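Chain IDs A, B, C, D, E, F, G and H follow the sequence of writing; residue 1 opens each chain.
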Amino acid sequence: MNQDELVTLLLDMKQDKISVEEAILQIKKEPFQDLGFAKIDNHRGIRQGMAEVIYGASKTPEQIYKITKSMMEAGQKTILITRMKEEAYEYMKDKVEFTYDSLSKVAIVGKIPEPNGEGSVVVCTGGTSDMPVAEEAALTLEAFGNQVVRLYDVGVAGLHRTLAHLDEIMSANVIVAIAGMEGALASVIGGLADCPVIAVPTSVGYGASFHGVSALLSMLNSCASGVSVVNIDNGFGAAYQASMINHMGRK
Amino acid sequence: MNQDELVTLLLDMKQDKISVEEAILQIKKEPFQDLGFAKIDNHRGIRQGMAEVIYGASKTPEQIYKITKSMMEAGQKTILITRMKEEAYEYMKDKVEFTYDSLSKVAIVGKIPEPNGEGSVVVCTGGTSDMPVAEEAALTLEAFGNQVVRLYDVGVAGLHRTLAHLDEIMSANVIVAIAGMEGALASVIGGLADCPVIAVPTSVGYGASFHGVSALLSMLNSCASGVSVVNIDNGFGAAYQASMINHMGRK
Amino acid sequence: MNQDELVTLLLDMKQDKISVEEAILQIKKEPFQDLGFAKIDNHRGIRQGMAEVIYGASKTPEQIYKITKSMMEAGQKTILITRMKEEAYEYMKDKVEFTYDSLSKVAIVGKIPEPNGEGSVVVCTGGTSDMPVAEEAALTLEAFGNQVVRLYDVGVAGLHRTLAHLDEIMSANVIVAIAGMEGALASVIGGLADCPVIAVPTSVGYGASFHGVSALLSMLNSCASGVSVVNIDNGFGAAYQASMINHMGRK
Amino acid sequence: MNQDELVTLLLDMKQDKISVEEAILQIKKEPFQDLGFAKIDNHRGIRQGMAEVIYGASKTPEQIYKITKSMMEAGQKTILITRMKEEAYEYMKDKVEFTYDSLSKVAIVGKIPEPNGEGSVVVCTGGTSDMPVAEEAALTLEAFGNQVVRLYDVGVAGLHRTLAHLDEIMSANVIVAIAGMEGALASVIGGLADCPVIAVPTSVGYGASFHGVSALLSMLNSCASGVSVVNIDNGFGAAYQASMINHMGRK
Amino acid sequence: MNQDELVTLLLDMKQDKISVEEAILQIKKEPFQDLGFAKIDNHRGIRQGMAEVIYGASKTPEQIYKITKSMMEAGQKTILITRMKEEAYEYMKDKVEFTYDSLSKVAIVGKIPEPNGEGSVVVCTGGTSDMPVAEEAALTLEAFGNQVVRLYDVGVAGLHRTLAHLDEIMSANVIVAIAGMEGALASVIGGLADCPVIAVPTSVGYGASFHGVSALLSMLNSCASGVSVVNIDNGFGAAYQASMINHMGRK
Amino acid sequence: MNQDELVTLLLDMKQDKISVEEAILQIKKEPFQDLGFAKIDNHRGIRQGMAEVIYGASKTPEQIYKITKSMMEAGQKTILITRMKEEAYEYMKDKVEFTYDSLSKVAIVGKIPEPNGEGSVVVCTGGTSDMPVAEEAALTLEAFGNQVVRLYDVGVAGLHRTLAHLDEIMSANVIVAIAGMEGALASVIGGLADCPVIAVPTSVGYGASFHGVSALLSMLNSCASGVSVVNIDNGFGAAYQASMINHMGRK
Amino acid sequence: MNQDELVTLLLDMKQDKISVEEAILQIKKEPFQDLGFAKIDNHRGIRQGMAEVIYGASKTPEQIYKITKSMMEAGQKTILITRMKEEAYEYMKDKVEFTYDSLSKVAIVGKIPEPNGEGSVVVCTGGTSDMPVAEEAALTLEAFGNQVVRLYDVGVAGLHRTLAHLDEIMSANVIVAIAGMEGALASVIGGLADCPVIAVPTSVGYGASFHGVSALLSMLNSCASGVSVVNIDNGFGAAYQASMINHMGRK
Amino acid sequence: MNQDELVTLLLDMKQDKISVEEAILQIKKEPFQDLGFAKIDNHRGIRQGMAEVIYGASKTPEQIYKITKSMMEAGQKTILITRMKEEAYEYMKDKVEFTYDSLSKVAIVGKIPEPNGEGSVVVCTGGTSDMPVAEEAALTLEAFGNQVVRLYDVGVAGLHRTLAHLDEIMSANVIVAIAGMEGALASVIGGLADCPVIAVPTSVGYGASFHGVSALLSMLNSCASGVSVVNIDNGFGAAYQASMINHMGRK
């Protein structure tokens, strides 16, 4: 209930269109949501026309299908499903129209909105093995209305590969830097770029990479300013914040 | 060397104003800096009028003084010195005019610029013990031209304290959420706010807080979208990125 | 052997009803059990009428069946089997009458007793993925004679969901707060509630959740007073202590 | 604002005693506090006559003194100050009347209330080195109106010492079990007692005790049911929850 | 080459029976083995009549069979094979006569020697889940000529179970104490017994047991004197040392 | 009360030398110690004539002095005080006659008993920095009646130094192997020796030695059979068990 | 573009063979690669005739085949494929001629070059279980033109086995020392050898070996000088650097 | 005793210049050192004219002085003392002539030898705070006869600083790359250089740098080939191996 609706409600009551009891019921019913949390709902589906998100990891194919169905019926134009397993894809593919990227396990139901962010978001990775996480980020960004520039396999051990993309790096509005192993990409990109860098450590590596801990620590300790970090393999989380930043001026 | 200068150089050589050897020397001399790295320098002092930064932690009072002096002579209007120990303050206080916050160990030389960001940046903390880190963030933000709203001691164990500031939280452009111990503040703020949240774990706590590790892990695992994390006690780093985000539309 | 029996024994010996040797044997035979350990057996089946427990995790279907059988023959009215694998269920389902919850792997043989605790015990979770642990707790509580209020998926990232249940939280006698990832639920609930909160970290999450370590540390460092913690995924343990607390006045 | 007040407000508005705008303002103003948070304040000072608590660890002597003063002026009868350093004691000793235990760094201002809990709370420790934590727990319990039985140095390596106190252990209403090093005390006590046991790992030990981590893990993994755990060295936290439990029937 | 042989060699050379070059070659050839390493071989098969050991974990069925065969042909009377997988058992069962314990994965080829140690070795466990490790220890001890007393499931959470075996514990010559979870057994046994206790942490448990780390730390920090520790699940290693100790007087 | 004393007591009662009440009092008074725990007391001071031990780490000089005094008055011939700080030495040096080793912080009051173990105990270290721990072990061994062979600085990086002492290593009855850094000494000694080896990791080292964790892990994973491990820097614990082993045949 | 080419370019422009615009384009086009990064390409295939490397771990059989094919067509004489799974072998075995070592998962396409290093490289292991890593190293070394001496199963628990190869160890030019469990081999070899030792911890072991962490720490803390370490199980990395060192004089 | 001396000895005996007994005594006296370990001694002082090393960390000023004195008297021309505390410098400065670098705590007695390695060794650091470790490495290298190129503060966050030294990096014979915090320098340098890179993590940093662990993991996981790692802050160890490599061709 927004302020206009509250005014209407109170006037209705005053004019005896509804009883005092009914007004009280309305006011008490969902006090948290109604009296200030309206913004929270906006929060979830950031802005009008943006994607609704389903986190598929711990849901059964049936559950995912049901939630998707009910969102579609509620008029949702774009639905992003992350970490959706192959079997859920198999279950749903004849029931709903959607695209599915088997590498990143991301499904998108409905149409991808036109990019309406401030600028482009660069998604770069240290190696090709980081691509599942990178595509989760890139597809999330696209579903949220961002123009994405993919720079994959630009790891710092072959610095010329990184530097060959200096233009894209320097003209980005936000950068999502994704790397496993030693995670040095975040520091090098953070030193080159003039925009916020959101670093995503990946679980790529072996031995003392400790399933992404090495890259995580590396990124947290980045000597470059302007770098922040999300959880290991959390491409979605980085993309979500990157999209927020890329839409700052549009608020 | 930008493109115009390169054209001039080549034409000069063509017209025998300079020899081929000299041209080659010019071209080879600083290829990295000249052919694209100019932006890097902009990076350091983000935008005209912004603060230059000195990281005081591992520098002697003499070193800090010398660097400050030379920056001032170079015309720098605002200089931010972080992690400056008491003895450096004592050493410098009669030589240069500056403010010093003994809690956060932040010094600011010159005048603090007028806020020129998009909106306000909220700096909130879980407890009063997090204030040294919070003030490092807040003063950095101010030195970089941001309007700062301080919400200290709004930890989630007393949720009414957090919720009492719902307005500031919901109208912020960026939020820096600072907490030690269990670091739950980041998740609660991240769930309430509709803007990027940069979380700073602090080393406040004892026992199984492991000098900030508990809060760090908590923040990395935040179930709220739109939260990214910087190193333990890194108030400056969070503020730096928050300032970048808050100036997105002004680029 | 209580004091009366000891007196009798000594008098018997004095009056030559039994020999000195026999008296010595009696005294030495089971000193630990006789002089106070009887109470220990009460401990296991807390109070008359309560459930007996079988920890199924490392037992074969045959072993579980045999123990159940012998308990039933001994007149046990309610038997709780935790962490009972599907195959044990398959093995036993035609041999004994019982209910089996495949989500939490909890089986209950016999009838669930009428709630006879002081008040209600709230079992709340941060997300739906925590439900297997939550149901282990909830079914254990019910088998031990407690009225259970289930509040699932009330995680703090959507604070309005948590607050929508303020009444249940505030009128609970004991709360079992279950969450994975960043485990912030324990602190928020601990701050809202006026009763003991037993926190259960779960292994739900990925990356830096480290299979529940992040939630565990978070809960141990809770800034809310009145919160204690059990092992990761230990729904049974939390329920056991919660039941003890909820029956305090009935002792 | 409770329901009666809401009815009054709406009727007032209906009868033009207040304007619609005023009614809206009232309703929106402090929804969280008004609609249920009153209880939260009760939470802090659990019940009438109970101690108010100051966490002294990160406060200056002046700050502690000021807070104490204002609490006293507000009519608080008992004030508990934990982790109060010697210098704060020195600063305050001539200004306010209070007792100070230099071992546990606990100060109590005002009179200790008569025990009004259900039964006794046993505070036991593995060794004499655990006494600072134990006294923090014991004094907290006393300040909160509990009868305390101290059983110090009853560690399991000398099991006869533990068993010599079987009576106290078995007749306790709640037990706070405090141990460093291998923390086995919690399991043994948990196995013997028929009441909730709150275990406190301490940082006592060296080498692989890792400042309490060994004891913490040991206690979390206790094979005895009915044991929950608080943070390393958190005597206050254990006592707080123990007091809650010991007052269950008095609510 | 012992001293006599060296004298002979030099005299031979002096008397021109062998050339100087040959003498030098002899002296340089195998200095390490000849001058004292013979004893090392004794080390492997501790004493005449003892078992030879094959560590089966990383060997193929064929490799195990071949080594066994060649040992048998070399006249070895008892061969102990640890961590031998089912498939190796299947492969060998028709080729060689041996016993195989599928719980502990221990095979014994040949006859188990008569106990010839000083006294009995107690192998005790905290729970029934520790039995695979316990049987590895017990069978190793028997294969090495020790009388073994098995005390399984005597964990400290049910102290009366532990104490019911006080006689065996107190009359043991060496004790191997095996436990997972919180590993408290080692401390309690170490406090009761008057002989060396070798503690074996097991990977039994879940959550914060961290695959045996909790028990390991607990045992290393045991407050009982006379306790030493081996690697997690290393029943063989504990038995090997226990057998050495139990044969001390027979050397 | 041993069996003889119990018989006497009962007969005395039977013959009316003492009343039934007195007999009951005697029997109940210290049931645990009297009815079976007698051995426990033997345990502490292993055998007649052995040293009593005071762990000085957490005791004040006054406490140490008092305990020492009362032990002396009770007729104790040898008292071993470990981890006794300089100030305790200063406090006690004019009050009691004793030797004090400032390197290992070990004091011995009374005379060191004649060695009465089976053979010699070798105490060897990887480097000279391990000597404080080594002397704690060596002096403990001597106070418990063992002949000690000190082999210091025989680390494996200079293998000839290790091998130069092959004779002592091979003829030892028990070996205490002490090393920090990478702790390889335990494996090499364990491979060379034909007797139990008790390994003591030390906190000597820097960086990735993690205050002894590297050496601890190394020793736990020793590929040599017959090696067990005690806590980091626990020279006393290793010596205690080594002495037990070295006195096996004398039991 | 090397210096000669730059001179030519500028002269061409001066003589109007190419336009100024074309010259600018050439200069700007690939500044990083052209003006100094040529060496980088040499880096990959260290020296003429050396192997090109494909890291097979995260590549599909099809991808590996395609890269191999294109390298062969580019005239590459030797191609080393590491961590190539069985299925890739199956896929490729009829399409390309190559050898495949199923133990180490290393494939070599083309002919192995003649050894052209300075001396021999010793690859030694602590046990036979380390052989997969050792063969990855040995085959890599051979593919890079080194003479390899394999010393497997020379672990320090049987020191005579180590010392039996003193000659090879002492005459090596570089040594790759590979061991799991406690990793003591590196220290012993490092102490014996007079050449650089590159240590490779392996994930061989169980319990407290923590998948190679114990060996890794052990090697990093080696008390022997001249030892450096690579990642757990990184046989290739050690071999790569060893080959570099063994070809130092040939640069 | 080298081979020539052994021949002489045997011939002397043959010609009755010495008795058989004397020959035996000579041969047996120091068998390990004499009959094969001669190389080991060479190892310590790598080659004629090289520095002898004293590790000063755990030695008293007196001990350092005595060892130095005896080395000088034995004719040692250059003595390197690492980790020598200020007080040792004060103690020795008037007794011996030497240089002392108070930053790295390295002292050099005698003259620094002329560089006689194959090429130059680059010592580079990420920041100025890494200089103490870097100077330990650089001075060690100089004392061992290497030409050192110092490139300090060339961290990757300001990539132009790194690249400005491309020439030195690419023409180095060996590189010692030293960095704290995220340790990315090793990967970038490893990718640029065509020679062995020995990486040294430093304890520089705060929070999640965990005293060098972050940099250590980063370096172990370097995606650049040809990088190996030594212990945290171990500048000496890296220099020692770098010197070995730089003298390969001179062996």
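Here, a contact is a pair of C-beta atoms (placed from the backbone, for glycine too) under 8 Å apart; a residue touches a chain by one contact, two chains touch by 3 or more.
Bear in mind the structure is a predicted one, so any value in this text is a computation, not a measurement.
**Student:** Using direct touches as single steps, what is the fewest number of steps from subunit D over to subunit H?
**Tutor:** 2
**Student:** If every chain is reduced to the average of its C-alpha atoms, which one ends up farthest from subunit G?
**Tutor:** Centroid comparison gives D as the farthest chain from subunit G.
**Student:** Can you give the whole-Å distance between the Cα centres of subunit E and subunit H?
**Tutor:** Roughly 42 Å separates the two chain centres.
**Student:** When the C-alpha atoms of subunit A and subunit F are each averaged to a single point, how far apart are the two points in Å?
**Tutor:** It comes to 61 Å between the two C-alpha centres.
**Student:** How big is the gap, in whole Å, between where the Cα atoms of subunit E centre and where those of subunit F centre?
**Tutor:** Once rounded, the distance between the two centres reads 25 Å.
**Student:** Can you list the subunit E residues in contact with two or more other chains?
**Tutor:** Where subunit E meets two or more other chains at a single residue, that happens at 32, 40, 158-159, 166, 191-192, 207-209, 213, 216, 220-221, 225, 231-232.
**Student:** Write out all the pairs of touching chains, ordered by chain label.
**Tutor:** Contact pairs between chains: A-B, A-C, A-D, A-G, A-H, B-C, B-D, B-G, B-H, C-D, C-E, C-F, D-E, D-F, E-F, E-G, E-H, F-G, F-H, G-H.
**Student:** Provide the residue numbers of subunit G that touch subunit H in the complex, in ascending order.
**Tutor:** Listed in rising order, the residues of subunit G that touch subunit H are 36, 39-40, 42-43, 46, 53, 118, 166, 170, 173, 191-196, 198, 216, 220-221, 225-232, 236-238, 240-241, 244-246, 248-249, 251.
**Student:** Contact residues on subunit E for subunit G in the complex?
**Tutor:** 30, 32-33, 37, 40, 57-58, 201, 203, 211-213, 216, 231-234
**Student:** For the complex, give me every residue of subunit F touching subunit G.
**Tutor:** The touching residues are 126-127, 155-159, 181-184, 186-188, 190-192, 205, 207-210, 213-215, 217-225.
**Student:** Which stretch or stretches of subunit D touch subunit A in the complex?
**Tutor:** Its residues touching subunit A are 3, 6-7, 10-11, 13-14, 20, 23-24, 27-28, 31-32, 35.
**Student:** Report the residues of subunit D in contact with subunit F in the complex, numbered from low to high.
**Tutor:** Residues of subunit D touching subunit F: 128-129, 158-160, 163-164, 204, 206-209.
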